[in-house]
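The structures considered in this document are given below.
Consider the two complexes below, in which chain A is the common component and chain B and chain C are the respective partners.
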Partner chain A sequence: MTAILVLSGVGILSMIADALQLGRWMRWITGIGLVAAFAATFCPFVIPTTMLVFDETSLTWTRMLIGFTAVLYSLDRHSDGHHHHDALLIFSLIGAVLMTAFSHILMLFLAIEILSIPLYVLAGSGDSHHSLEASMKYFILGSFATAILLFGIALGYAGVPAGALLVVIGLCFKVGAVPFHLWVPDVYEGSPVRFTAFMSIVVKIAAIAGLARFLSWGFGYRPLLIGLAVISMIIGALLALHQTSIKRWMAYSGISHAGFMLVLVALGEVVFPSLLFYALAYGMGSLVVFGLLGAQDQFDDRIDSLTGLFFRHPALSVGLILGLLSLAGIPPLPGFFAKFLVLAHTWHLGLGGVVGVALLASLVSTFVYLKFVSVLFIRK
Partner chain B sequence: MALLALLALPLIGVFGLLIFKSRWIAVAVSALTVVMTVIIGRYPELLSFFTSISLPSFAVTPLGLLMLILTSVIVLAIVLASDDSPGFLAIILGIQAALFGVFCAQNGLLFYMFWELTLIPAFFMILGWGTGDKVRIAIRFLLYNLVGSFALLTVILYLFLQTHSFAFTDWMAAPLPLASQVWVLIGLFVAFGIKLPLVPFHRWQPETYECLPRSGSMLFSGLLSKLGVYGMLMLMVPLVPHALLVYRPIVLGIVVMSVLYASLVALAETGFKRIVATVSIAHGSLLAAGIFALTPMGIQGSIAQIVAHSLVVAALFLCEPRIRSHFYLGALFLVVLGSIGLPLTIGFIGEFLILLGISQFSLVYAGLAGISVILGAWAMLTLYQSVQSSTEGTYEFSFSEDIVVITLIAAIYILGIFPSVVLI
Partner chain C sequence: MIPTYSYLVLGCILFSIGTLGVLIRRNVVIVLMCIELMLNAVNLILVSVCEPVFVFFIMMVAAVEVSVGLALIARVYRKFGTTDISTFGQLKG
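Showing the complex of A and B:
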């Protein structure tokens, strides 16, 4: 609760600062604000409300989301001159935090809107027309998903059982699970890299957290979710094989990881710690990859542009490789244990077929990541 | 304590190499590991010294000790004979650290982690220092080995869910029904068969050896392929004895066919490295045949052949074509004799015991394996003849290479005369 208050304050403050043209203080305001919001999650102060619940679960998610945003923000060197983006980023983060903590279905709707609307602007904040195109696509498909969500809420309110199903589908849009993933690569590709990173890490994790919370109200869509998860893993891994754009490649890799997380979501609250761990491992891996790639002076979206990077920037490459290997699930990096937990839980519950598909998918995606790594070693 | 130091030593070497960039660090570290492994072998009570900082999931079994000593000796030979860059040597020491981990792990998860850790530096070695179409070769190497790793991971996951433990002792104690033993057998056979490699899984091997620089080929053929045999002896035989016994004709049949096929292919191959690589598939498959005959003699022969093959194949890759001199041709001749298993060499002890072990189960299989041994010998002698009459090669042995070749040849012959050291 306090974290949301702090974040709102910071967002408003940075808007005012932007209006007063205090550009050089903006980084400090936002940076310190994010750290303060992280610290505020440890403060027990709560305003009584029936719309939000701040239990251990939502606090853990909140810390993770704010932490990732803070690190992402600190790694970002290209924000000079576009300070109003900071406020939008913060507002979007507030939406993400609300998504982990709603206890009322309308709050879920509000959270998604608060999360999405700033992102539509941010996606279009790049210089090229690709960015505008991405923004437009994101807006249209996002509105579509919201409409489905709202329709589901209305049906649920009217007592139609299928309402919850539509809510789940609306959330799966945000997660980027197959077959609701079509917007993901296009939007990621068009957006500026730092917002791509924000979308693929914070938004995805928030959507997963929201979905888990919604399902914890007692809706059993396990077969459906496991079906979506399985398709996402495989399709994401396979489509990543032949990408030439880094952002599209990360989009498909994220879709595959979303599949793994959806399995854990479907298995219910017993495996909740594993879901947290998976999200943490995925977030850290993507953070390293996006952070290091975004930290280059000139971000070039072509995978070919990384050819021979190892010989030009050995230290950066080693960090990048560690991040990629963790995402690939190579022991002893965290990504391995995350995937191992998914497999162990699934098998333990007797879903042998899912284990088989998950193994196959992680085989393909390991290959995909290592193929990416091999590019760094090609001498020009 | 001693074990912890042993596991950490190559890693320290890696960091030392990356910081100081002097190959003498690699020489010193690998010499130190040889000394340490030999001391641990001689005085095993050192392992329980300072038990308060011992590692619970690591232990040294007799087979593990043999592999440790072999690993450190081969790595020392590679490092001494190489004139490669510090980065390359760091990768070699990194692989050595991972190998030490595999050979000491008594826990499935650790075993798998170190198993995977051998793969990543190996992949980078091909990418960074390979020749020719190295990216394609590296990716094929990786694909094959990842399939093996995932087969292994599946088996480990299954055993974990059955026993709720990763410890090898718990796995061995768990009674598995025959039906699930068969699945475990298939999974492990694929995992270890790809590493060795056995014939249906061997496509990655010749081109990888050909693409690597000399030191890399020595490491891959001498040590990394032995991971497969080690896994068979350490996990397969104790875990699924019943299934192995029931399906022995099939498993042994596949492996013997693999020996025969590789020996025949070796006759048709051209190029020094490719022939050595293909003969190496045949020898590796013969090792597996000794194990899957499930006779004490066959298994003893396999263990002797592990040592024999590692020493011989390392020496063979060291003797790649050079300017012909009496020393070079003599050394190559002695190594080739060791490779074809002439009496007085350790190769003879291994092959003889393996063939004897197979014949205790089936004379037909022993006959087929015997024919393959002869075919392999034919391929090696043809190879020697072609090297002798060719004018390939542009450089001579350096002094340190002289020493390494002489030592390896001496080891091959001395162990052949006193084989009791390796017959554990």
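Showing the complex of A and C:
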């Protein structure tokens, strides 16, 4: 609760600072604000409300989301003089935090909109045609998904049992699960790299947390979710094989990881710690990859541009390789344990087929990641 | 007295028209209008089942969405010179 108040204050301050053209202060305002918001999650002060719930679950998600955003923001060197977007980033983060803490369906709807509407603008904040195209696609498909989610809510109020199904579909769209993933690669590719990183880490984790909370109300869609999870894993891994754009490649890798997280979501609250760990491992891996690539002087979206990077920047490459191998699930990196937990839980519940597909998907995605790593070692 | 379910049916029909419009129309402005139609179909259903608070929030959010959407469309028109959806074909793969 306090974190949301602090973040709102920082967002408004940041907007005022921008209007007063205090450009060089804005980095400090936003940075310190994010740290303060993280600290505020440990403050027990709560305004009584029936719309939001601040239990251990939502607080843990909140800390993770704010932490990732803060690290992402601190790694971003290219925004000097481009701080107009800070306020929007903060407001989007508030939406993400609300999505982990709603206890009324109205709050879920508002959280999704608070999360998405700033992102439509942020996706289009680049100068290129691609950025505008990404923004427009995101806007149309995002609003369409929200409308479907709302229709689900309305049907639920009218007593039609299929309502919750539409809400789940609307949330799966935000998660980027196959077959609702079509917007993901286009939007990730077109957006400026720092917002791509924000979308692929914070937004994805928030959507997963929101879906987990919604399903914890007792809607049983386990077979459907496991089905979506299985096709997401395998299709995400397969489509990543032939990508030439880094951001698009990360989008498909994220779809595959979303599949793994959806399995854990489908298994219910029993496996919640594993879901948390998976999200943490995925977030850290993506953070390392995006952080290091974005920290280069000129971000080039072509995978080919990284040819021989190991011989030019050995330290950066080692970090990048560690991040990639963690995402691939190579022991002893965190990604391995995360994937192992998914397999262990699924096996424990007797879902042998899902374990098989998950293993196959991990195999394909390991190949995909190793292919990426090998590019770094090719001499020109 | 019109029974409640008839509003539900009307809402569903309006929502379907909106969905169809989003899927088949090529002009972005029309697509935006169709999304608004979908939201208003939802509003109709919610009013008929006595959830007025929800409706206020949806109206507010819809207004925000339209303002962002129209700003984006204006930028698209300035950059591409058209609002046809088929201009958005550069990102694919």
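Convention: the second predicted complex is superposed on the first by the 380 of 380 C-alpha atoms of A that agree within 3 Å, B and C clash if a C-alpha of one lies under 4 Å from a C-alpha of the other, contacts with A are read in each partner's own complex, and residues count from 1 in each chain.
Keep in mind that, in the parts below, contacts are C-beta pairs under 8 Å (C-beta built on N, C-alpha and C of every residue); 3 or more make two chains touch, one makes a residue touch a chain.
As the structure is a prediction and not an experimental result, all values here were calculated from the model.
Within the superposed three-chain model, A:147 lies in touch with chain C and out of touch with chain B [touch as defined at top].
Contacts of A:157 after superposition: chain C is touched, whereas chain B is not reached.
By the touch criterion stated above, A:110 is placed in contact with chain C alone, chain B being left untouched. In the superposed pair of complexes, A:362 makes contact with chain B only, with no contact to chain C.
In the superposition on chain A, A:325 contacts chain B only, with no contact to chain C. In the superposition on chain A, A:371 makes contact with chain B only, while chain C stays out of contact range. Of the two partner chains, neither chain B nor chain C is touched by A:345. Counting the residues of chain A that each partner touches, chain B and chain C differ, and the larger count belongs to C. Shared contact residues of chain A, touching chain B in one structure and chain C in the other, are absent. Within the complex formed with chain A, the chain C residues making contact are 4, 8, 11, 15, 18, 22, 28, 31-32, 35, 38-39, 41-42, 45-46, 48-49, 51, 53-54, 57-58, 61, 64-65, 68-69, 72-73, 75-76, 79-80, 87-88, 90-93. Those residues of chain A that touch chain B in the shared complex are 310, 325, 330-332, 336, 340, 343-344, 347-348, 355, 359, 362-363, 366-367, 370-371, 373-374, 377-378. Taken together, the chain A residues at the contact with chain C in this complex read 106, 109-110, 113, 117, 120-121, 124, 129-130, 132-137, 139-140, 143-144, 146-148, 150-151, 153-155, 157-160, 185-186, 189-190, 243-245, 248.
Touching chain A in their complex are the following residues of chain B: 112-113, 116-117, 120, 123-124, 127-128, 135, 138-139, 142-143, 146-147, 150, 153-154, 157-158, 160-161.
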